[in-house]
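Think of it as A, B and C in the order they're written, each chain with its own count starting at 1.
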Amino acid sequence: MSNKINTIGIPSEEEIKKAQIDFSPRCTAAGRVNDKETQKMVEYILNFARKHSLFVLAYGTGCGAIEIPATMTSRYDAERFGIRGAATPRQADVLLITGYLSTKTLKRVIRVYEQMQDPKYVIAFGSCTINGGMYFDSYNTIKALDRYLPVDVYIAGCMPRPESVIKGFIKLQELIQNGNAGNGECYRDNLDWYRTNQQKIIKNWDFPDEYNW
Amino acid sequence: MDLIHNLKEVFEIDAKIKNDFQIEVEAKKELVSSILLYLKNQHGFIHLDHMSCVDWIEDEVFELVYIVWNPNTKKTVLLHTKIDRNKPEMENIDTIWDQANTYEREFREMYGIEFPGLVAEREFILEGWTEMPPMRRDFDTKKYAEETYATRPGRENAEDVREKIIKRTGEEIPDFAKKYSRD
Amino acid sequence: MEGIGFKILGALLTTILAFVVGMFYGGLNRKITARTQNRVGPPVYQNFIDLVKLQGKRTNIAHGFMGHIAPVLAIIASLTVLMFIPVLHDGLWFRNLTFKGDLIFLLYMMVFGSLGMALGAGQSGNPNSAIGVSRGLAQMVGYEIPFVLALVSLMIQFHTTSIQDLMAYQHETGQWIIFANPFAFLAAILSYLGMFRYSPFDIVGAPAELASGPISEFGGKYLGTMMTSGSIFAFIKLVLMVDIFFGGAGNFGSGFWGVVAGLVELVVKTFIVYMIPVFIGLVSPRFRTEQAIRFFWKWPTAFGVIAILWSVFL
């Protein structure tokens, strides 16, 4: 298993240095408008449906997982926006990362993200995913999630309250309606860059060589 | 106290009463497993509460603490022992309590303490860790984190960004939040 | 009015009706669940939006050939069963292919969709799917017995295996079979609880436990097709229940307004029947597998046996 040769290969020092200098994430939510004239009407309807039917795969890492039940249940009721829990990554649209990610968890998160079907969105919770938060000096926790996965919406706070979470979802809905969200294709196009970053911190790399997206 | 007297008689160690429920014992590392076995078999301390490790880098020792509990008398014994930091090796006690296995795996991974005879995977919590064991105090976590994980560039100054955000979005600071303003 | 063209048109209309009503019932279920939990809940047309979104996914993954055709098998089974159920009593429009022995045919055909899904789930290789399938088949063994007993008691009592004849009998005598043979109704409705797979019999899906069981590896358009098939099948079960025990719908003649009035009657009756599993599901936690099977083999089966005795000796 561990002797498998990766198609991308282990990053050289030069690549690592390059990746470190080039900080800006490759896939951002802004500026990816689908402007094909022929498909505008279809895309509009599909975007409307995507916007109002978000199946959420809550990846319960860190403390943010405790905000999810509050958001989903009676008091804040996220289901009125069409937000609903999904049981498996295959069925899900939104990956919700609720807090700090250790390198060990990041590996699983990447697997989960790659199993989701396009169009897929990522919402990252809390300051830990933005800049490390209180784990800024931890030996085992990543500090900027968008280096490893394309993130659509960040929700700041430690932890964000359910109101902020719902506001984040509404922001995502706006982005979806404008065609700005969903970076699965961009992730695939820039896979080399993301893989370089991921392999730099995930030491025992044993992903399958070729992905069946 | 019966227990303190017996410990003095059998092992020639001084136990002292910390409070009504806790008895503190300090022993050499060779004696630890015999004391624990004695406490378990003769005095009913059948439950291993906890094991912990402290890194005394100035004295060049690791201090291991074994906490055992007697459910009948509700008394706790804290057994301290010190081992050499440069060649950390400790006796394996998972034959006395099975759950000690987990603690010892963690010590091996986080402090690099070896337990001869411990049957367990070497890799426990950390995956593919090649550096110094991270809980040792001479391991610089901040430096390691800055070198390994990308850091998002922060702001240069320490201004109150709320004013800026308010100007941008046209919202107002609510009254209850005004008292936290930096001006 | 006779002619193959009208038959085809009627079949199409039946399909559309089953799809629309089934999906709306799914949405209503979510809405009612939400209101019971003091939430606002999604709009009743939420399931349609979900379906459009699922069909509009850009990538869809299937694990091999069987995984690819499993949703198709499921929807084919649903549509086949639908074609053999007389939706309305009077008129030619919604009778479709109903024939003299359709009650026995349905008993066989209603299992087919689940089997298709089981084959597809088996190929995905997901352990959750495998556990879900085995649980589903075990539960099916549980609820099929009282259901068959209930239907057999009706066959004995009325000397017919045709749903159309049962409806005609209820129409002529004016007595619904729920009063003519109440124990058969009890056995059938209790086995319906298992067939609908709401709580406490949601041991197949069990989102918190099995990650939605057999469908855990289906996403995108496959999931959408499964959802459609499930909605149509829910409608079928409700119509069958109404046809057999509640006098059927549409005894208003075969004119246009007669058909419309019949459809309204059908929707009202099916909705009332649908509320039984929904409300029981709302207040119940989940059974374990062996508890579910033990339940089905205890009370519903006892009711079924009493129903047969009732129909033989009365």
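Rule of thumb we're sticking to: a contact is a pair of C-beta atoms (placed from the backbone, for glycine too) under 8 Å apart; a residue touches a chain by one contact, two chains touch by 3 or more.
These numbers were taken from a predicted model, which means no experiment stands behind them.
Engineer: Would you kindly say which chain has the C-alpha centre located farthest from the C-alpha centre of chain A?
Structural biologist: Taking each chain's C-alpha mean as its centre, the farthest from chain A is C.
Engineer: Would you mind checking which pair of chains has the most C-beta pairs in contact?
Structural biologist: Per-pair contact counts point to A-C as the maximum.
Engineer: As a quick test, compute the distance in whole Å between the mean CA positions of chain A and chain B.
Structural biologist: So the centroids are 34 Å from each other.
Engineer: Suppose each chain is reduced to the average of its Cα coordinates; what separation in Å results between chain B and chain C?
Structural biologist: Chain centroid spacing, chain B to chain C, equals 58 Å.
Engineer: How many angstrom lie between the CA centroids of chain A and chain C, rounded to a whole number?
Structural biologist: Distance between chain centres: 38 Å.
Engineer: Residues of chain B that touch two or more other chains: which are they?
Structural biologist: Chain B, residues with two or more chain partners: not present.
Engineer: In their complex, what parts of chain C are in touch with chain A?
Structural biologist: Residue positions touching the partner: 30, 34, 37-42, 46, 49-50, 52-53, 56-61, 128, 207, 211-212, 215-220, 223.
Engineer: Looking at the complex, which residues from chain B come into contact with chain A?
Structural biologist: 125-131, 134, 139, 141-142, 144-145, 148-154
Engineer: Touching residues of chain A toward chain C in the complex: what are they?
Structural biologist: Going through chain A, the ones touching chain C are 45-46, 48-50, 52-53, 73-74, 77, 79-80, 82, 84-85, 87-88, 90-93, 116-119, 184, 212-213.
Engineer: Can you tell me which positions in chain A touch chain B when the two form their complex?
Structural biologist: 20, 23, 103-104, 107, 130-132, 136-144, 147, 197, 200-204
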